[in-house]
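Sharing a structure below in structure tokens format, with a few things to ask.
Going in written order, the chains are labelled A, B, C, D, E and F, and every chain counts its residues from 1.
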């Protein structure tokens, strides 16, 4: 659902910053999907602490979480880089409307 | 302690009601104020869920949201004042 | 017992979807950024519900601090070209 | 002991409810900010004190101390945001529907410059 | 409108005092999250972002001039490379002692739950935190400085 | 001895930061160490050692922002006692009264509000005292500090008030500040 909304935003909106927001939405949706794959009901967080763990607790799967951690880092960097590209486009063409930029390109 | 999770449900319900103000609010200031309140209530619900689930290490996230949630609001206000 | 946790989870997911819809729906870009910041806060809460505190702490730090700062600075830079 | 935690939680929930109703119903932007501080102070302090009492009672002191520190941070950081957004709202040109009863700020600062 | 008072001086000290109070606390919180990366949630990236947010706090409180005097931008850019070199060095220690790349060695020291109990993971966390700290600080400083220079040249 | 050599004076808006002295570093160090111990809450030797190193680094870096005047100002017993008395006794009473008042106002079907901005004089001088009183006023529901201005050597608050009773600034000051200003006057002048 979140991914569909993000793709809708990327495809239809004209403003370039709105497009970047759509990319960020897709990022959130994919992260939620990946983490919810590794979830099993009744589990606990995969971090060992001393006095809070009872003997019969079991952990959720830690591998998707590590994957998602990398994904979040890369998502933040992609957002920063894309926004700097938008700033550069504004400097060069004087507009951030996607149609006009495309028309100037030819 | 089942009451902790009931209180958490209540806080989240209130913050969903506040999203109505975010959607309808006549200008940007109302949205910023409602967003600040939603941050605070999310943090409180997180404290309650952490206490219910019995892991003290979940509290760090609430600490971060409580300590740094105001930076966004101050930044938005600077933007509105026009001297960013 | 587990039922109330399910209710809490459902409410948080409803909040996430409402925030995402508002983010797409707003024409004003500043309001859209505010809704995105609320979405980050709710998503951190949802990660905690899924017992992933590492991801949640990164999400809170990025969604509460880094992303609004970068978006608002970029918005300030390109403000002449936006349609109000 | 369970009764005490319940009393604190109900206290916090009531004030948060009042603040939310205030934010929804108040007529203009400045009055909505007043209700926002209502949520931040007693609405959270009730829940935080209840949680701290619960965790002290169940024996882990570090968790309770951390909960109290979180409550202190919320109480300390909220008025700064409120002040900044209120000043920005006035500078941005937002005025309520009804006139203010008296408007010293507009008389001194905004017209003086 | 009887008499315009000219000698009113607006002091915005509330945000400034808040920046004063919360900069040490935010720095301590970020360093705590970096150093306890193997015991509690968190680690290099998260703590680095928190430490770098103090840059924003000082900018909000004091403005651009003090920000430029406080943080040396060349220093941050060079030390990001130092962080990357430290990370690869601690990863290469695994190869030297006959294990894989990024393999944890020396994990026998200390008790479980202590601070120094995880071998090279502690030092790798620390170097990642150093790199992210300097990198994100550099990024924020660059964007804010870009904003300021351009707005002054537009006038 | 280790007087740090940051003697540059940073002029910004009439505020000049003093040079970092050793006592300022020590007092910031104590605060950072207390917060580190509150975060970890484990009293090993290693934790204390690492906490000391961390807070020393942070203290050297941020002492020139944190300390405005005399560094050991808060360490006398009367001032610390009045700080505790303010936080634990005076302020919660005002908070409770104002909260019940605003909650009644919000739940009332006819919404009795009468907003306005009043100007209130204050006797406090130092920056921390001014900002602490402003934060307290903002934190009590019903009033929000909008700005602090200085006029003829005296400080004035501009306060948005939800229910304006008097437009006279002295009486409004009595009603709003009440016992808060006396409590703060014992801590910072």
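By our rule, a contact is a pair of C-beta atoms (placed from the backbone, for glycine too) under 8 Å apart; a residue touches a chain by one contact, two chains touch by 3 or more.
This one's a predicted model, so the numbers in the text were calculated from it and none came from an experiment.
The minimum number of touch steps linking subunit D to subunit F comes to 1. When the interfaces D-E and C-E are ranked by how many C-beta pairs touch across them, C-E comes first. Inter-chain centre distance (subunit C to subunit F, centres taken as mean C-alpha positions): 31 Å. Rounded to whole angstrom units, the spacing between the C-alpha centres of subunit B and subunit F is 23.
Centroid to centroid, with C-alpha atoms defining each point, subunit A and subunit C lie 11 Å apart.
The distance from the centre of subunit A to the centre of subunit B, with each centre set as the mean of the Cα atoms, comes to 21 Å.
Contact of a single residue of subunit A with at least two other chains is seen at positions 44-45, 47, 49, 52, 69, 73, 80, 84, 87. Taken residue by residue, subunit C touches two or more other chains at 53-54, 56-58, 61-62, 65-66, 69-70, 73-77, whereas all remaining positions touch fewer. In subunit F, the residues touching two or more other chains are 39, 134-135, 145, 147, 149.
By the touch criterion stated above, subunit B contacts subunit C in their complex at residues 2, 5-6, 8-9, 12-13, 15-16, 19, 22-23, 28, 31-32, 35, 38-39, 42, 45-46, 49-50, 57-58, 60-61, 64-65, 68-69, 71-72, 75-76, 79, 84.
Across the complex, subunit F is touched by residues 14-15, 18-19, 21-22, 25-28, 30-31, 33-35, 37-38, 40-42, 61-62, 65-66, 69, 75-76, 78-80, 82-83, 86-87, 90, 96, 98, 100-106, 108-109 of subunit D. Of all residues in subunit F, those touching subunit D in their complex are 38-39, 41-42, 95-96, 99, 102-103, 105-107, 111, 113-119, 134-136, 138-147, 149, 158, 160, 162, 164, 167, 169.
Chain contact summary for the complex, subunit F toward subunit E: residues 8, 10, 12-13, 15, 28, 31-32, 35-36, 39-40, 44, 46-47, 50, 54-55, 57-59, 61-62, 65-66, 68, 127-128, 130-131, 134-135, 145, 147-152.
Contact residues of subunit C toward subunit B in the complex are 1, 4-5, 7-8, 11-12, 14-15, 18-19, 22, 25, 28, 30-31, 34-35, 37-38, 41-42, 44-45, 48-49, 53, 56-57, 60-61, 64-65, 68-69, 72-73, 75-76.
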